[in-house]
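This is the structure I want to talk about, given as structure tokens.
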Amino acid sequence: MFFSAKQRRVIPGFGLTMGFSLLYLGFIFLIPVGGLLLYTSLMSWDEFWSAVSHPQVVASYKLSFGASLIGATINLVFGALVAWVLVRYRFPGKKIVDALVDLPFALPTAVAGIALVTLYASTGWVGQYLNVFGIRVAYSQLGVVIALTYIGLPFVVRTVQPVLEDLEAEREEASASLGASRFTTIRRVILPSLLPALLTGYALAFARAVGEYGSVVFISGNMPYRTEITPLLIVAKAEQYDYNGAAAIGTVMLVAAFLLLLLINGLQWWTQRRGL
Amino acid sequence: MTTQTLTHVANPELAARWRRATEEPAWVRWTLIGVALTFLALFLVLPLLVVLYGAFEQGLQVWWAAISEPDALAAIRLSLLVVLIVVPINLVFGVAAAWAIAKFEFRGKPILISLIDMPFAISPVVVGLIFVILFGSQGWLGPWLAAHDMRIIFAVPGIVIVIAFGTMPFIARELIPLMQQQGKEEEEASLTLGASGWKTFWYVTLPNIKWGLIYGVILCNARALGEFGAVAVVSGRIRGETNTMPLHIEVLYNEYMFTAAFAVSSLLTGLALVTIAVKSFVEWLDERNRPAIASH
Amino acid sequence: MSIEIDRVNKRFGDFVAVDNVSLTLNDGELTALLGPSGSGKTTLLRIIAGLEQPDSGRIRFHGQDTTDLHVSDRGVGFVFQHYALFKHMSVYENVAYGLTVRPRSQRPSKAEIRKKVMHLLEMVQLDWTADRLPSQLSGGQRQRIALARALAVEPKVLLLDEPFGALDAKVRAELRRWLRRLHDEIHVTSVFVTHDQEEALEVSDRVVVMNKGKVEQDGSPEQVYDNPANPFVYQFLGNVNLFHARVQDGVARIGSVSLAAPEYAGQRDSRALAYVRPHDIEVLGDRRDDALHAQIELVSVVGPTVRLELRTDNSESVVQAELTKHRFRELGLGQGSDAWIRPVNSRVFLEDGELQAG
């Protein structure tokens, strides 16, 4: 068997579009990210390890990852609820509420940051009432959780919504006709079909929260060992020209982001396979 | 006759309580709606109101003064300049990447899609750091840049680069699923009718992706104007020179000029509201067109 | 314009879609590429159009090699299975598209375009839809617009991919008669792909039966139906019963029944399969020596015909027979009755490995 010398594609523009895409990705993304990894790899292991395991840094990991986990969990519960309410129920103003869910995605994080701190400060609209019960949100770890919940809010809603819309009523009707109560149907039939989407949304909200900076720095108060998130430490070190320290911590964050993205891709693949 | 048929209707009380197999009892429904709306009011509506209240609390004149003072104007100008550079580049990239991914089969396609997704997951602060290490005065290329009298970090080029990096996925992510869903039959039909590649793109592909493209551009625009973490690292916050709108807000806030901070914020908030309004409109269009497509 | 397909091969990964196919399609003929899904018929059509590139082999239009010519320069009219109408353009704009995208120097004037488009729309009897969007038309109407659009560029050949596949039965039947009449009017060399044997037999001048990337048979509809070249074609074109038989000297024997098989005149005793269509099985109510005994297992009445499922004494599979309702009444048989069956017309193929000797 012989082949034509040149494999030609019928729709034109593959070389041009692919070439430009790779060039752009390469220049703006791959080379810089590779540069950071190379920079870090040129450091000695001891230098790297002491930078990433300094107690102040470890405290910031605990806060960043811990608060992100709590925020994502809150979003998992309320995001599923919001998606359910938006898909299944009718109430006045539903379209507007649905649109507003995207607000944290479109609103600049700095604006969100100053809005949240103003709301939750001890004199703020919400803060003054919480203050009565001795709950402090602004300048505390709770404030970090609030900010990270805010920016992760759209993710669970938007991943669960389409799956919920595509669920066939017939499966629920079948469950009901077989004698299951409504609660059992939701637990045994609906929830398992939503599981991959829920986990994907959870992971997305978590990934977004771990790296977040703008909405947190205003409300957290940035007290070392207590309310300092990891991205803030990177900024601080970069501003003091401690590039080695910043690069080491940045690499840890980059690897975490990469692993999270792998996890998310895996979950999305699972969601699609389930959807068939 | 009529009364007779009516008596066949079962106990009206029971009939009123009848519900579908896919429905919850009314009290459950309204409880869930109530909880969801309370959560959203607390997290979405209150922050929005606090920005608008803070901006206009002292009247329109104070608001106007805050956004028309020189430093604010400089920040707005810089932000618009950055957007004018970044959005077109990311537009070309988004269209090119979506065309390559949606219209062709090639090995490594999932990897390419993941790469485009990466900036979503990477902390904006790390993005800024990467470019400081590459181009900063203490960075790898710093001495060379200084010798050639070029500045990237603490200057406009650095801001443009980090924002381009951070907003790279938005238009591509909007277009890829849209173009994949459209398939390539219409393009093939156009080619069999003798149209060139460019004409096919212009007359057939572009009208089909128009609204997705517009939303992608507006989202990219909003995110580019709002980008904060990465810019905070590379800008150096030189007043009137390298302060973008979000950085200007931060400076005002830290100087306890809350009303001015909220005034500038209100501009970006308005833009965010426009963005989600356009998104709703595009989705509405899509839903309206869907039955027609499905019956093909 | 004739189309010559010369030793064309195409594979997708490990899957061989088109396996060394050579065919010549004559000028002005309407040819059906018929085959089950995955038989390579659509791939072959797309190769003729230039929408796929063959791994090897050549395509010639009227002797001229077009293999490496890009689809947009090839001058083919292609009608897609799902129409591929441009959703955002009106019907008029869709049909005019091929003319309006021409380079300025070759583009007809606005008035000429208008005249031509309206003529085509009249021809497909849809001139009243000119200002509508494709989404406002029914499936059958969209298909006719797709055809008008393909014809607007005056293609040298017209290629149709499962043109009626997405339509319901009644519209399908109407449209295919209409296509036949249209082809008689314009006489452009046309090829259409279908998996529906009835459609292929009714519409085309010539049927090419494909299976697993190869051409199984190529001939007029009558030839293909009445003289299938091999068991595949036999089974693909309509229902068929299989009988194990032995062939010797021009006679095939199924149990006590003998059938003439003159094509195997010199054949020594060999195993063979006899293919008999249901309507070629005679059903009798009384014993006869040259018939097989069977029991009627199922009687189903479909309009004017009666279909029987019968089980013969030594067969595991069921024999299907078809007769008129009138004839069935005459026989006075019913479910469970004993009957005798006799193939009146059959085609015998030797089993694999039983090569013909001389």
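When the chains are written out, they are named A, B and C in that same order, and each has its own residue count from 1.
FYI, contacts are C-beta pairs under 8 Å (C-beta built on N, C-alpha and C of every residue); 3 or more make two chains touch, one makes a residue touch a chain.
Since we're looking at a predicted model, the values are computed, not measured.
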If each chain is a node and each touching pair an edge, is that a line, ring, star, complete or other? complete
The chain pair with the larger count of contacting C-beta pairs, comparing B-C against A-C, is B-C
Min distance from chain CA centroid to global CA centroid: chain B
With chain centres taken as the means of their Cα atoms, state the distance from subunit A to subunit B in Å. 15
Centroid distance [mean C-alpha coordinates] between subunit C and subunit B, Å: 52
Expressed in whole Å, how far the mean CA point of subunit A lies from that of subunit C is 55
In subunit B, the residues touching two or more other chains are 188, 191, 196
What residues in subunit A touch two or more of the other chains? 10
Residues of subunit C touching 2+ other chains? 50-51, 70-71
Looking at the complex, which residues from subunit B come into contact with subunit C? 185-186, 188-196, 199, 203-204, 207-208, 289, 292-293, 295-296
Taking the complex as given, what residues does subunit C use to touch subunit A? 9, 50-56, 68, 70-71
In the complex of these two chains, what residues of subunit B are touching subunit A? 21-25, 29, 32-33, 35-37, 39-40, 42-48, 50-51, 54, 89, 92-93, 95-97, 99-100, 103-104, 106, 110, 112, 114-126, 128-134, 136, 138-140, 161, 164-165, 168, 184, 187-188, 191, 196-197, 200-201, 219, 222-223, 225-229, 232-233, 245-247, 249-250, 253, 258, 261-262, 265, 268-269, 271-273, 275-277, 279-280
Enumerate the contact residues on subunit A facing subunit B in the complex. 9-14, 16-18, 20-21, 24-25, 28-30, 32-33, 35-36, 39, 78, 81-82, 84-86, 89, 91, 95, 97-104, 106-112, 114-116, 118-119, 124-126, 149-150, 153, 169, 172-173, 175-177, 182, 207-208, 210-214, 218, 231-232, 234-235, 238-239, 241, 243, 246-247, 250, 253-254, 257-258, 260-261, 264-265
Report the residues of subunit C in contact with subunit B in the complex, numbered from low to high. 49-51, 70-78, 80, 82-89, 97-98, 101-102, 135, 139, 142, 146, 149-150, 152-153, 166
